[in-house]
Every structure is written in structure tokens, then in C-alpha cells.
Amino acid sequence: QETFKLGIVTFLSGPAAESFGVPARNGATFTIDELNKGAVPAPHNKVGFGGMKIEPVIIDENGGATKQVQELRNLYQRDNVDAVLGYIGSGDCLAVSPIAEELKKLLVLMDCGTPRIFEEAKYNYVFRTASHATMDNVALIRYMKAKNIKMETFSAINQDYAWGQDSKADFVAAAGQIFPNAKLATDLLPKFGAGQYGTEISALVGAESDVVYSSLWGGDLQAFILQSAPRGLPKRSQLVFSAADHVLPALGDKMPDGTIIGARGAYGLMSRKSVLNDWFFPGFEKTIGTYPVQAAYRINQSILGLKNAIEKAMEKNGGKKPTTDEIIAAMTGSQWESPGGLIKMTLGDGHQATQPIGISRTKYNPEKKRVDLVDIQYFNAECVNPPPGIKSLDWIKGGMQGAKCE
Amino acid sequence: MNLFFTIVIDGLIEASWLFVVALGLTLVFGVLKILNIAHGGFYALGAYLAATVVTLFAAKGLPPALGFVAMLLAAAFVALAVGVMLERGLLKMFYGRDEVVLLLVTYAVFLLLEDITKLIWGVNPILATQPYELFGNVSLGKLFYVGYDLVLIPVAMASGLGVWFALNRTVTGKIVSAVIHNPEISASMGVKINRIYALAFGFGLMLAAFAGALTAPKISVQPGLSSDVIILSFAIVVIGGLGSVEGAAVGAILVGLARAASVHIFPQGELFVIYLIMAIVLMIRPEGLFQRETARRI
Amino acid sequence: MTAAPLLDVSDVNVEIQSMPALRGFTMRVPQGSMASLVGRNGAGKTTLMRSIMGHLTPKRGAIRFEGQDLSAYPRHARAALGIGYMPEDRGLIPQLTVEENVMLPLWVTKGIDTKARLDFVYEVIRELTEMRDRKALLLSGGQQKLVALGRALAIGTKCLLLDEPFEGIAPALSERLSEVLASLRGKNLTVLISQSDMNHSRSLFDLEFTIERGANLAH
Amino acid sequence: MTPVLAVEGLNKRFGAVVAADNLNITIPAGQKVSLIGSNGAGKTTFVNLVTGYLKPDSGKIELEGRAIGKQSPRDVARLGISRSFQIPQLFIELTAAENVIVAISGTKASPLSFTSPAEAQNRREQALVLLDRLGLRATADRPVSELAGGVRKLVDIAMAMARRPHLLLLDEPTSGVSAEEKFSTMDRVIQAVTQDAGTIVFVEHDMDIVTRYADRVLAFYSGRILSDGHPDTVLKDADVRRYVTGGAR
Amino acid sequence: MKILSHPAAMLGIVLGFVLLGRVLPAWTLSLATVAASNSLIALGIVVLARTGNVSFGQGLFYAAGGYGVALIANSWGLTDAVAQVMIGAVCGGLLGLVIGPLISRYTGIFFGMLTLALSMVLYGALVKTTALGGSDGFNVGRPTLFGNVFTDPREADFMLYSVSVIATGLAGVAATVYFRSELGLMSLAVRANNLRVEYLGISANRIVAINFVIAAVFAGASGALSLMAQRHIDPQFAYWTTSGEFVFVAILAGYQSVAAVFVASLALELVRSFSNLYLPNTWQLVLGAFLLAVILFLPLGIGSLWTSTKRKGSEPDAPAPGATVTEPAE
């Protein structure tokens, strides 16, 4: 019987392992097990990929882009995988894409944030099955507007690397459009993995701005929240975090109520009810022990997207295991249902997905001993993602022309 | 409260935990001439141990003050024991090798430790924040400070003074300097040099773990803690002059203040500032601020 | 002097990096004697002393001290047996003062009257008294020799191993040294002095061992 | 004729220790001068000052009429002063011959070219000649780390001689050298130096060597010169006997 | 063995390696390309280590070479592989010329740390430069060779492999010749006792600086090779862990033979890659154990497997930590 060998790359060690890497791995193994059992609801109810069992080869993303390039080659050339799926780091995504293109092998990026991948280059063999980071910040600003948040001044604290720098740029640009009078007071850029923010918090508290924006994630975000709460930052300023749902289970009651957070999609506690989500959320929670957050959703939607393409290709070729080129043709411009909503490959000539997103406020629930998300508002993909053919930042700066909001 | 004052306080808080880590590093280097990369691993180990103890105490409903003391003791003593075992069981085999080879050995140990902590504690973060609330909040001008952070300053000072005193004013310290300078002759004079090595290494790592334990309540304890600490403490030790306690103190304060000043005044520069200081100090004083006196050669 | 030898080196072979440095060397130093070990450069004098102190391990043969095989003692345990060693290169600890250098072996040895030993050293080598608070770092070569001798004297209650003590010493001082050594006679102290140059004080010694390329010189 | 070395009002202190106390010394070309003195008298300090390793607190040092008090050891060496060391300063991983080859390479105007192997061969020949002169031919290809202390001393001297210096300063050349070899060593050194018409200053504790080889003796005590002159007169000086040579002689 | 160490014979071996690439499976080809490029920079570290100094900041030149080539490639479309290696070498070398004289007065750990600090300053600057993609870096087009464009992946891989092996091979031959030269001997002398070197009228700093520049040239060329293999560059090139790894390759190799550097680098890549494949959760454990085992059982490095230990004397006998070989035995 045919199998489909799928290379999966995600952080198993290093600072990103806890927040993204391991949830993603868990999401992958859970999804693949369920698929191989044929236990996923329609339309993904075929066993494996179109009847082929999925055989995952999981490797660690930690160690920098250089290593990832080498490991990608090894996966394709030595381990003969049919496709590689994964990557959380933007730098890694940027680095591996041209290699897959050159080797003419299928590469499915599942999480990384940078819009540059399809804005600066054209790829045939590379897909990204999730929205890039522009959506996170545009949605945040739109949410703040909708909820009438006062923002005459704001401060920012972001890690000093591409994710932090880009997120901040997007947020500032979007704020410039929707809150034209808002002033950026303090703009902090601690280094990645700093873990201790005493000085930064002094500066932020001292700045007394209406809003404190941050794209921190993982351990850094947890540490920032732990250290800033006792020093009264959440009382002085409205905290706004672009990607924070993954720290909620760990933080529990340490998360200040009323914080505005995004999850880079309609994920986890912000996910909407659907047949697929009713399969994924509780199933994952039961198998893994914690409820699924961003990374688990993202890898799940990625695997489902690949499945969707493979099965479409098999419909066309009469049920044979499709070639890479057949899968690519089927995947380009495709769309599919996922627990996080409908994913559409609309950008990058049909290689870059857009998806809906939810933004909400936190509220600790002492009975369930977990943070609930309230005041959720959803934005459809067309409202917060740029239309095809324009670079994200230009789109924001140009007044987000063509956005279709409900 | 003016900016200057804020910078000084923020800088000193930052300097205090850095100093404790660097102190251990400089101690190990001073005695064993090993630049120990695994030091960061022990910092992480200390944080994990502390977090575990605090969680345990909280689960049992014991008072957080007790948990605080217990976490420090647990981290320190486990690190001491592991450090001594590591020195006796592993490092010893590599003595006499080139300094860089020893560096590679400690790097290997660092890699081992990374995965071992991961195997023991998994990748899920541990939040053990109870002790962080122990000392209340202090309001200074329009800022609040967490009492715990301020307590770090005297704790660091006490550790530094203790080590300095032990090395410079006690007989043991003098024996240590004999071993540092000439192990063979020291052995001939009856010094159990193996014990000195093991203890120095153990104590150095104990300080690393102690610092890790001190920071544990305010951070999220999870993989990846170790690597950043190493390079910071290396920088401090190099700025101060290798093997010097005073140097580590001045180095830590310089780095702490510089970081604080940069955050408040020029946030863009935070990434460089430490390396710039290191480069500048070395340009002016090629062996760090407190150079070690060397024996006459000719 | 009929008693069992204090120091008994029998048929010792030592290799340094697989080059033989001692080849079946044998030597018996009776208790209370003043012995000299003579040999040219590279004959193996230093090697022998370092082997006695445990820094080198014989491939063959045994070294006994008071009848006990020294191989059972780790190198740091040998000083406590009452062996005072003065290495060829003095080996002072530069950061410590003269007095601290002399004290070093006393600090780490149990059951020794530190004060008495120190007084004894100052009494025998008076020059040390005025240097006591200077750091060893700053002393000239010859001054360092005196300190190293003092240090060996402090712990060497039974035996002194002095590796070329007269090298690099001004004649006046070297005379003093001979005097010092002579004054130790009759104190039941066994002294082994290595020399490459026998000009100094032949009269000092009771017996002489000659070493030649790591072996006893055939008499 | 300008003296090879002229030192005027030379002072050097280390904290409370006066290591050179207003020294005035003139050494004419071709002289064989011995420095004697008690331990810590300042002999090595004098050598260190002359070779630029230490900078004088005050005073003038002239080599053939040229002030060298502020020069580095490297410049001083290039100007024609070589020295050996009380504690041999060798490249211990290299063989004896390689040590001397490095020394010979240093005599080239520009030592930084990539020499062809053929020329290096020539260097080796020169090195062997030099080693042979000191009776070290047999040890030429052994790493210095394997050599005993006395032999290292000789290798050190061989290196100092490589440059054919105008002024050769030897710091205790025979200490650690076996009795049998002391005289032969000195014979060889003196012969080599006089061949090159050089001047030699040697620090020495062995009065037999001093009387035999020195034209002139400088006796140091506490940074000062106790006595300066012909060996016979200096060694008879009461102070010298008291502080340096002892009563026996 | 002796005959193999003749430069001509070594060139022959390099050529043999290139031809071997024709029959190697595709994945080993790219692995070997990386190994070759890494060994080039590690070789530079070996060159420098002969003066007793270890640079923990070779990433500085590695990044200089990489970024230099990448910028020129992207702005002027210069894609020729050989030209890129040369540009990399020149970029590294020029920077080395600026820094070498400044840094040559440092020794030991301070030398290492200053190089590290400089490379980290560059790292910081690159992370800040959003025009160059900040921490994510940017991509470059695929290299060509003498006007040939390689579209077949296998041919493209082989081309890169050949260029890397030849560049590293030539550097290796040059280094061997250099080691045997007079200047090579002087480098060892500086390591053993730089004071004496000065006393012989030679500038120790100058010798260190020369070796430093050579190492910088190698590092720059290696950066170019690495860029070609990856088609992507980011500030990680200048990060201290990157530099550190090259030092470790050099130590594993054991400073002895040029071939050892290549073998060490290949071994490290293989161990890392296979342990990541089979034990993705504990590959660091495996790597750590591997390093310890090599250091323990091959004290003179991987090179000692086949080179006879000519310089026995270089191992100190005193069993004390850090008893460095460089101290003169007093």
C-alpha cells in the first residue's frame, strides 16, 4: 500500500519549543493519527491522504537558517520525503523556500509570520497555509476602534528581531490610519530571550501612555506579564498583545483581566463552533492534556490543506499517488475548511493563504481556573489582509484600500 | 523621581543577578582556568529546581517565605553536589588539555544539560511566582518597584562580599591561590588540590544555580534560559578582568547601568551596548579592568 | 647509621613521555644523613625528586619512606609524612607573602605546631624575618630560593629534598645556606640535595650518589 | 672611540625597593664584564633596563652613542644588543634547532617573507653550526620540552648569539650547567663573541668563572655599585667580600 | 604518507575528491559542500591558533564575506561562483586588515572575547538594518559558473560541491606550505613565547596580524561558499554561536592536518543531522556525548587517527587544569 512520507519541521528545543514548536508537533501527531484512522469529520474523512497512510518524519527546527537549509536537503534527498511541512521561524521560511524551489520539491510553510516570502519572490513549489502577520496587527487596531479604546498615546515593547520589528511597524502604520492622532511615546526593543524587563517596565510605567502594545511571545511574554503586573502597568495602560493566546494556559490568574489579545487566527478559546472544531478542540485536549492553541491549529490547517490538495489531484489523475506537480496545481488557489475557519489561498498567485481572525479580551474564570476570552470579535480574511498584488505595509499605509469588512 | 535615579535603580537590579552569575563564572575560571559554558546550564538548573520546590510548597499550602528559603537552598545544594560530581566524574579526565579544549568540553556538558533538563522537566513552562510577592511593593516617586527585585541588590552584595572575603582574607582562600598558581607545588606541600578543584567548581556552579533560583519567581521557567546568560556573564567577567571578584562586580554594574540607560534614553542601542562596552574596555585595558598580577617572568 | 634507610629507592624506572628518564636507579638514604645526589644536566635528578613527591609514577621499582611504599600515598599526602620539597624552580606562590608561602604546607597539615615550625624557620634562616611581609612576586631569584628552602624546612620534619639549592645563589648567601644546612645536622633530619656542580661545600655531606643518564654510576 | 654601552644616572624603583640606584657605567668595545652581586642586588634589573624590558625612572642609556632608554626590546635587539635569560625563554614545543632557526630568522631585515624551503635549509645549517659551538649538536632535533634545565640554558645562549650582537648580555649563563661543562660553555661563548668582535656582559655567581673570564667586574648591592674594576681588586674589596662573595675566598 | 604531503600530491587528492562527487548520492554532495565550506573557515582558525590565539568572532568575517557577496550579487547581478568566492575572500581580508593590527596585541581569552565582541557588534548592526532584511536576512539568486546556469538540481549541487572542495583544497595546500615556511615556524614561536620573539627582533604582533588576515580571508571565502549553498543570508552568520562552532571543528580536528579539519567538519554535520533525524528530541545529548568521546579518546583530535604525532612535546604532562602548553617551563 502506498504511503505518503511527510517531513515535519518544528522547534523541539530552544526558546520557541514551548510556545509553538511542541504544540505544533502535538498538533501534527494528533492530526496525522486521526487522519490515518480516518476519524476526521467530512470533508476530511478519507484515511490519510486520499487513502495513503501518512508517515511523518519529525525534525527539530532549532539552530538557525543554515542548518535548516541543510536539513531540508537531507529530508528531500536522503530521506526521500514526498513533501516537507512546517517552519515557525520567519528566517527559516525565507531561507528554505528557494531551496525547495530549486530542488522542485513541495514545501508547505505552516506558521511563520513575515509577509516577505511571497511579496519579494515568486515560488511554484512553496505554499503558506496561514495568514502572515499583517492581519494580526490590522485586526488589533480595528478591534480597538470597534471597542472605542482610548489611544492618544501608546508605547511599544517588541523583541529586537524581524518579528518584533515588523509587527511594530505594522501596528504603528495601522494605528496611523485608524487613530491618526495617536502618538508613539516609548518604543522599546529588548533583545530576544531577555526574560527580564525591570528597566523596560520602569520606562513603560513612566511613559504613562494609554496603550502598551507588544508582539512578545512565549517565555518573554510570560515574564513581561509576571513582572509588569505587580508594578501597576496594566492599571495605567491598556495592554494589547498581538499573539498571546498560547501563554494563557500557563499564566492563569497572572494574566491581567481586560488585556486585548490576538491569536493569529480564530483559534483556541477564540475558535468558532463547527463540526471540524468540535472534532479538533476536545480531541486534542483529551489526547495531549491541554487545549490547542495557535501553533496546533496552524499545523492542523496546514496538514488539512495539503490533504485537500492531494485528494483533489487524485480525483483528477484517477486515484494514483499524485506527483509533486499535480499536487501543486491542485493546491494553488485552493481553499478548505479547517477548525480555524475557511482557509483560502488568495495571495502570492494562489500560494499564500488568508484566513479569518478573532480578537478578544481576557477574563479569569476562577471556577474553571483558566482565562476565558470575552468580547470576541471576528474579522473576515478580506477585512484584515491585503488584496493580491500589493505589499502589506504599502497597503496599510495606503489606507487599507479594498478591505471588505462585515 | 528623575530619570537618573530610575536608571540607577533599574541598573542595580539588573546588575545584581548578573553579578551573582558572573561571580560563579569568574571563580571557576580563576581556580581551574576553565571558561565554563555549562555555567548557563546550571543557571537554568537552579531556576528549574527553585520552581519545582516553590510549586511543591505551594501545593502543600506551606508559607511562601519557607518556599523562598527552601528554593534557594535546594538550588544551591543540588548544584553544588552535581558540580562536584561533574568535576570529579568528568572534567577531571580532561585536565592538562588546552584551555580551548576545556571550553569545548564544557560546551558538550552544556548540550547534555540542555537535553537532560528537558527530559526531567519537559518543555512546559513552570511559573513559580509566589516568592515574587513576598516582599510587597515599594513605591518610589511615580514608579512601583517589586520589593523582591530590590532585595536582590543586598543579596548580590552579600554573595560578592562573602566570596571576596573567603578568597582574600581566609587561609582557604590563600590555599586556593596557591593551587591557582602552581598545582604541582601545592600538592607537594600537602594541598589536596583535587578537593580544591572540586569545591571551586561546585561553588561556582552553586552561584550560577543560586542566581537562577533568585530569578525563577519572576520569569517563566522553560527551555532556552541558559544561552543568553552565558554570553552576558562572559562579557561581565571579561570587562572586569578574569578571575577577579571586584572586576565581576564593577563589570556587572557597568553592564546593568548601561543597559538601563540605553533602555531609557536610547532603546535602539540595547542590543549592542554590552558588546560596545566590552570592546571599549578591552581597547583601553587589554586584560579587563582588574588585571591579575602576574609573576615575574624574567 | 645502621637503621633501615629513611628513603629507599630501589630499581626505579620512570618514563617521561615514553622516554626513559630513570633507568633502574637505586639509592638508600639512611636516617639522619646528609646526602648529595650528583649528576650532569639531564641526568635525572629532578625526575627522581618529582617521582619521590609523586608527580611522576615509576613504571617499575619502588620508593619507600620509613619502610612504607609511597605508591600508596597520593601526592598530596606525602608532605604530611614529613617530607619537605624545594623544587628546582622555587615554585613560590607570587600573590602570597613570604610568610604565607612558608605557612602553606603548615596550613594544610594536621597535628603540627604551626607557631613552633615558623619560629624554627625564622631562627634558621634569619634573612626571612625581614622579608616576611613582602610578596613573593617581587623577590629576586636568590631571595626566592631562601623562601623555598624555608618552606621545605617548615614541613620537612623528617626529610628535606632540595633540588639544586645552590644554583643562582651568590657565594655569600650560598655560604649561609651551607651553614643553615650544617646547622640541621644532628636534628635527626635527613637531607637529600641534588647538585650538578660539586664545588659547593663538599665537606657538608656524609654520602654521595652519582646519577648518570638516569642510572647509578657504576662505582 | 664611543663606548658600546654608556649608562648615566640610571634609576629604577619597584615600590620601596630600589633596584637601580643612580648607576653610571661605561663599557668600551671588546670588554668582558662580569656583574656579580648578592641576590636581589639589581643585576637582572640592569639587564632588563638595558634591553628595554623595563623603562628607567630616570637616567640615560646609550648604545654606541645612541639613546635607547625608551626603545622596546625588539628595537634594542635590532640595534645590536642580545641577551640570555636567568630562566631560559624558549619555544618549548619546538626543537632546539628550530629555536635557533627562529632566532636566525629574526636577524633578517624583513623577517616576514615566505622563505623558500631551500633558504630555510641554509638557515638550518647555520643553526646547527651555532648549536655545535655550544656542544648541542646531539640535541638539535629534540623538542626543548624534553631537555633538562642546563641544556635549555645553553640553547637560550645559542639563540642570543644568533644575531652576532655588538653587546651580549648573559644572565647567569652557567647556573644550572654542570660543573664539567661550565668552563667549556664559557670558553665557547667567549670565543664566539670575540670572534665577532663583540662585547660581553655576564651576570655570574661563580667566582671561578668570574676570575677566569672577566676583564672587569661590577659588584652590585642594593641597586648600587659597590665596586668596579679589575677582578682581583674587586674581589678583594671588603664590602664585596662581606655582601657578595663571602669570607671563604 | 610522506609523498602525500607534497603540494602536487595534495592537489591530486583535491582533484580526486572533486571527481568522487560525480558518484556520491545527492544528499552527501550538499553535506560535503557545507563541510568543505565550514572547514575553510575552521582552517583559518587553525592558522590563527598556531600563534596561540583563538578567535571566537570569525563570524565577523564570515558575515562580511557573505553579505559582501550577497549585496554585490543582488545589486549588480554578479553570480559567477568563482568570482563570488574571491569577492568573499577580499571582503573578509579587507576587514581583517583593518582589525588585525588592532587586535594583535591581545592574547588568550581576551583576544577571543574581543573578536567575539566585534562580531556581535556587527550582528547587532545587521539585525537593526531592516534594509538588509534585519534578523530574517534575505535571499540571493543561484550562482552560475563561467556563464553556465545550472537548472538540474544534481548538476547545480555538483557545481557547488566542486567549487567548495577546490577552494577549500587550495586553501589547504596553501596553508600546508605556509605552515612549513619560516613564517609558519615563527607563528609557533609566538605561541610558545612571544616575549622571546620580541627579544629576537621580530614583531610578534605583526606575525599574529598576518595570521589573522589569512584567517579572515579564509572566513570571508567560506562565507561566500556558504551563501552560495544556502542562497540566503542572515545576521546569524555573525552570531557568536556560529563562530563558536567553527572553533569546535578546529579543536575536534586537532590542529594537525588540513584533511582532519574536513573530516571533523563532515563528522560533526553527519552526527548532528542523523541524531536530529532519529532522536529529534535529544539530539543535543547525542552531539554532546559525541564531542566528549572524541576529546577523550582522541586527545590530539581526529587528525591523530592518521597523522603520526610528530610533536610529542606539545602535550603537557602536569595533570592540572589549564596548564597551558604555552607557559615557558621555568
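Note that the chains are named A, B, C, D and E in the order they appear, and that numbering of residues resets to 1 at the start of each chain.
Rule of thumb we're sticking to: a contact is a pair of C-beta atoms (placed from the backbone, for glycine too) under 8 Å apart; a residue touches a chain by one contact, two chains touch by 3 or more.
Since this is a predicted model, take the numbers as computed values, not measurements.
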item: Neighbouring chains shared between subunit B and subunit D, ordered by label; value: C, E
item: Chain whose Cα centroid lies at the greatest distance from that of subunit D; value: A
item: Between B-C and C-D, the pair joined by more C-beta contacts; value: C-D
item: From subunit C, the most remote chain by mean C-alpha position; value: A
item: Distance between the centres, which are taken as Cα means, of subunit B and subunit A, whole angstrom; value: 36
item: Subunit C and subunit E, separation of their C-alpha mean positions in angstrom; value: 49
item: Subunit A and subunit D: spacing of chain centres that average the CA atoms, whole Å; value: 75
item: Touching two or more other chains - residue numbers and ranges from subunit D; value: 44, 86-87, 89, 146
item: Shared interface positions of subunit C, touching two or more other chains; value: 16-17, 55, 89, 138
item: Touching two or more other chains - residue numbers and ranges from subunit A; value: 13, 160
item: Of subunit D, residues touching subunit C in the complex; value: 14-15, 17, 36-41, 44, 86-87, 146-151, 172, 175-182, 205-208, 241-249
item: In the complex, subunit D residues that touch subunit E; value: 51, 72-74, 77-78, 82-83, 87-94, 98-99, 101-103, 105-107, 111-115, 117, 119-120, 123, 143-146, 152, 159, 162-163
item: Touching residues (chain side subunit A, partner subunit B) in the complex; value: 13-18, 21-22, 160, 186-191, 193-196, 198-200, 202-203, 205-206, 218-219, 222-223, 226-227, 230-232, 247, 250-252, 254
item: Subunit A-facing residues of subunit B, complex; value: 6-7, 9-11, 13-14, 17, 114-115, 118, 123-125, 127, 129, 132-133, 137, 142-146, 149, 215, 218-220, 222-225, 227-228, 259-260, 263-264, 267-268, 270-271
item: Sites on subunit B touched by subunit C in the complex; value: 171, 174-175, 177-178, 181-182, 184-194, 293-296
